[in-house]
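To keep things simple, chains are lettered A, B, C and D as they appear, and every chain counts its residues starting from 1.
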């Protein structure tokens, strides 16, 4: 799981752009700011935050500065607690190696997530090309595996993170072709095919906690493990959100997502990304 | 396999002393010098030499300075190519950490020996409390395992080295109670119980090459894998040697061991142990 | 395996000696950092083909080897170059067209496979990928595996925990060791005998080196053994693991080398554009690889101005303020 | 697991909180180097007993814990203190008299067991010990294991290579993970949050830390995080693995701490003589452990002259010319 921004935005190799959706957006904040802050709110004090580059990294930085001062950011490449004076463009960017607590390696990083003590404290922030209603992710192929219509980068560490850690948060572009009834390839395990499936497969406890898109937030029902709409962004309706998905979800529990507070915005803008390198 | 000198000399916690054997020793060299040089001769150019402290380390240093300039000494603690300005008293002595090529750890050191490429190039120098005719070693207990008459330190890395590496050389005190028909406990595998036994057990190729005592050198028959007398030190007879062992060995192939050359002695004394810290 | 000798050679000689058509090759580095690019370009120049390539998350090196037609089979976790090509372009085209066969693993699985080779065991266990298509879908079929003694018979295996409830892990995925013919790394410092010092993250380079029959190390600086021995806690690979040491300043260019230089955004952006079009890619291969005699000639073509722009700032180890658009 | 907090506490508080009667404890260091001796003495002073102890090759720490009656079960590869006690004396007596139960493994097996715990897998494979009594003879019986959920049901297992001829290793020994209650390490430097820098060889300390529920780190120096972050390649354990940081200069004394001080031959020789006789050992326990209030009091008793004699030479990291007879 590195820079999955192509899969989130469909805009490969470019700076992220706001999604092409019309809505009554408050002039006081951008959708990307809201997505970042919503993700940051899910990070708890004491979490170990696994992240890639881009918006997931920014969410981790925002959480550390707002609501989870005792959280630590780490990268699958082995860098722990990097001082990110400039935005890294990959998780192996030399920028993640500067002023860290420990510069380790891949074996260390993944063992931390598979470890019985530290693994449950890790929250992983992911991205993917496709997601299904159980939060399983595809970042490998669209089409047949052996004759793919579109080949993506492959798992990277995504499958490992999704297998091992306590909770995952997934950023997705809110499009019908991305929220699909059936994945073309299961790269990273979510709740697999339902309630007890992870246990039956032999996976550790843990799994997808939420999905954050450019319209809404989704949770997973604690019994059925199916995705439901937990929040809709100001300016969007539950119906609009459902219309942009390839499967039906329960929208009855949805509430409007609280917009960013002045304090959240101030920290995000002034402390986390003052040059708007990620926020654009 | 650390400092096994107690097991070699039976003189625990003291400087090594010459064994209590009467012989016509040349006044020009000591038995310990001869043992060291005989072991050094077995080390080949390009070998990776695993050693403990004491005489095994000195043999490795002598080889590097005499006949195997392109050999490298390493310790199970992870130190490679240490500059030994003073004699270490354990393989974890800080003296092994100074001016090395790499300061690693136990996992690295043993992986080097189990590795398919590097392992066969390693020659391990060992010691033990008991040895049998197939070169299996005991460094765990004398007597019953559950009610031992004498408890020793245990395997340390000895079992690992004996399992993994291409060749091993074992230093032994030449006494009947140490060359036994049956070990009280097999700590480290030699040729197990004969020709194809290592392969049947699932061990890598390799095994004991020689045993060096204060009287003689023993090899292992390439067919039967049984110990035979390969050389007797000047001043000893094959019969004397056999009399001090608890099992019969073939003495028909034995030749007198060549005494140290002037050059070997000069290097050993002047370059390897000028202060006679190990040589006494 | 050679010990205690001067192993410094030219890059062309090292590649000629250890890399061959049909060889199983692994390359170090991660996405856009410390890829052994000088060696990659030399392999392309020597037109070595049918390579069976291994990496965990390698971007630029993998993509250029594939683009030049050197690779027939690939085992990998991730083929991307960060923001410059989140999915490598020539890789994508080659997989979509069926030009190369690919076997997908996760990053940790690839790391464990190199580690198993380094440790001398046939497999290592992990809990990763249970329930996924990484287990279900095999890029290399059972039959292909059965017919090739250089491949394990199984992509991976699932096993019940033989220790029952111990470790609270009812099932394990066993991933097979990689024991490749040659691994190529680019590092910051080495001595002539092959002792290696990497700075910053080491990725899985150490495991990759130790699982290979032969190892080529290209380095920014050749230093004396004494320089390395003065701080041995910072050295990672002992000389006896290394067969060839090649002094190639900017040997990771256009990828980064921490504390020496950054990746080159201009090159990587131009590369992406060229990679998207077959004609332009042919021209790229001619102009930037085949028509230059060696890595120094490529650097001369790039010019000092561009190289100065990516020079690492001594405080941070990267090029502060570099234009990375 | 605590993150980002000041974890510095007193040694007595840390031991009281994390070490308890019946706990599964692992201690770092090797023979006569970096044993967490101050913590060992504090455990003895607090009269914590029935400890299930794990180490690979630990000498002085293991022997003193056993000698003071704190240990009921031991899993270890080697109990020796180098030349000072090639087999630890109180260990030897305790095993011979049946006072403690012991399970023997090899050094690599113990390392792999800690590593398996650190990696979160129930076992790791090795080729070590095939054909030996390490496999045949179990110090902890099947029944004892079956009755204790904190022990794996099997000491180890042999398995046929599931990948057939791959890796050329027909059989493997699987050794079970250690997941202990607490690991105690003594290191050179740490910050208050628990980031650790060891200097010189790290033995298996990193794996031992990562396999434990709780970790106590005693250290020669507490430094600021910025000091450690200036050279992060040299740090090994991240703060989130550590629960308590205790500043204890000479915390490994009488064993060595590379670049700080050497082992103390006078103490270790006197210890050996005391250990050989039960009466004298009782007196030793009273005089050197129970009757001193803390580690500083022990150091005061030893005196500056002796401590100066073992001070590390800055060039070599040990006490050059120390009388080690």
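To be clear about the criterion, contacts are C-beta pairs under 8 Å (C-beta built on N, C-alpha and C of every residue); 3 or more make two chains touch, one makes a residue touch a chain.
A quick note: this is a predicted structure, and the numbers were derived from the prediction, not measured.
Q: Skipping chain D entirely, trace which chains still reach each other through touch and list those groups.
A: Once chain D is set aside, the chains that still touch form a single connected piece.
Q: Touching chain C and chain D alike: which chains?
A: A, B
Q: Can you compute the centre-to-centre distance for chain A and chain D, using the mean CA position of each chain? Integer Å is fine.
A: It comes to 40 Å between the two C-alpha centres.
Q: Quick one: chain B and chain D, Cα centre-to-centre, how many Å?
A: Result: the chain centres lie 28 Å from each other.
Q: Taking the mean of the C-alpha atoms as each chain's centre, how many Å separate chain A from chain B?
A: Their C-alpha centroids are separated by 58 Å.
Q: Using the touch definition from the top, which residues of chain A touch two or more other chains?
A: In chain A, residues 97, 99, 103, 114, 116, 164, 204 touch at least two other chains, as defined above.
Q: Touching at least two other chains at once: which residues of chain D meet that condition?
A: 120-121, 126-127, 167-169, 172, 179, 200, 233
Q: If each chain is a dot and touching chains are joined, what shape do you get: line, ring, star, complete or other?
A: Shape of the chain contacts: other, as it matches none of the listed patterns.
Q: Got a list of which chains touch which?
A: A-C, A-D, B-C, B-D, C-D
Q: Quick check: in the complex, which residue numbers of chain A touch chain C?
A: Residues of chain A touching chain C: 2-7, 12-13, 15, 53, 76-79, 85-86, 88-99, 103-107, 110, 114, 116, 136, 140, 145-160, 163-164, 185-189, 192, 197-198, 201-204.
Q: Per the contact definition, I'd like the list of chain B residues that touch chain C in the complex.
A: Spelled out, the residues of chain B in touch with chain C are 46-48, 69-72, 74, 80-81, 83, 97, 99-103, 111-112, 114-119, 121, 164, 204.
Q: Once bound in the complex, which stretches of chain D touch chain A?
A: 1-5, 117-121, 179, 195, 210, 212-213, 225, 228-230, 232-233, 235-241
Q: Quick check: in the complex, which residue numbers of chain D touch chain C?
A: On the chain D side, the touching residues are 116, 120-127, 152-154, 157, 159, 161-164, 166-169, 172, 174, 176-177, 179, 199-200, 233-234.
Q: Spell out the part of chain D that touches chain B in their complex, as residue ranges.
A: 29-34, 56-57, 59, 76-88, 91-92, 95-96, 98, 104-109, 111-112, 115, 126-134, 136-137, 139, 158, 167-172, 200-204, 206-207, 256, 258-259, 262-263, 272, 312, 316-318, 320-321, 324-325
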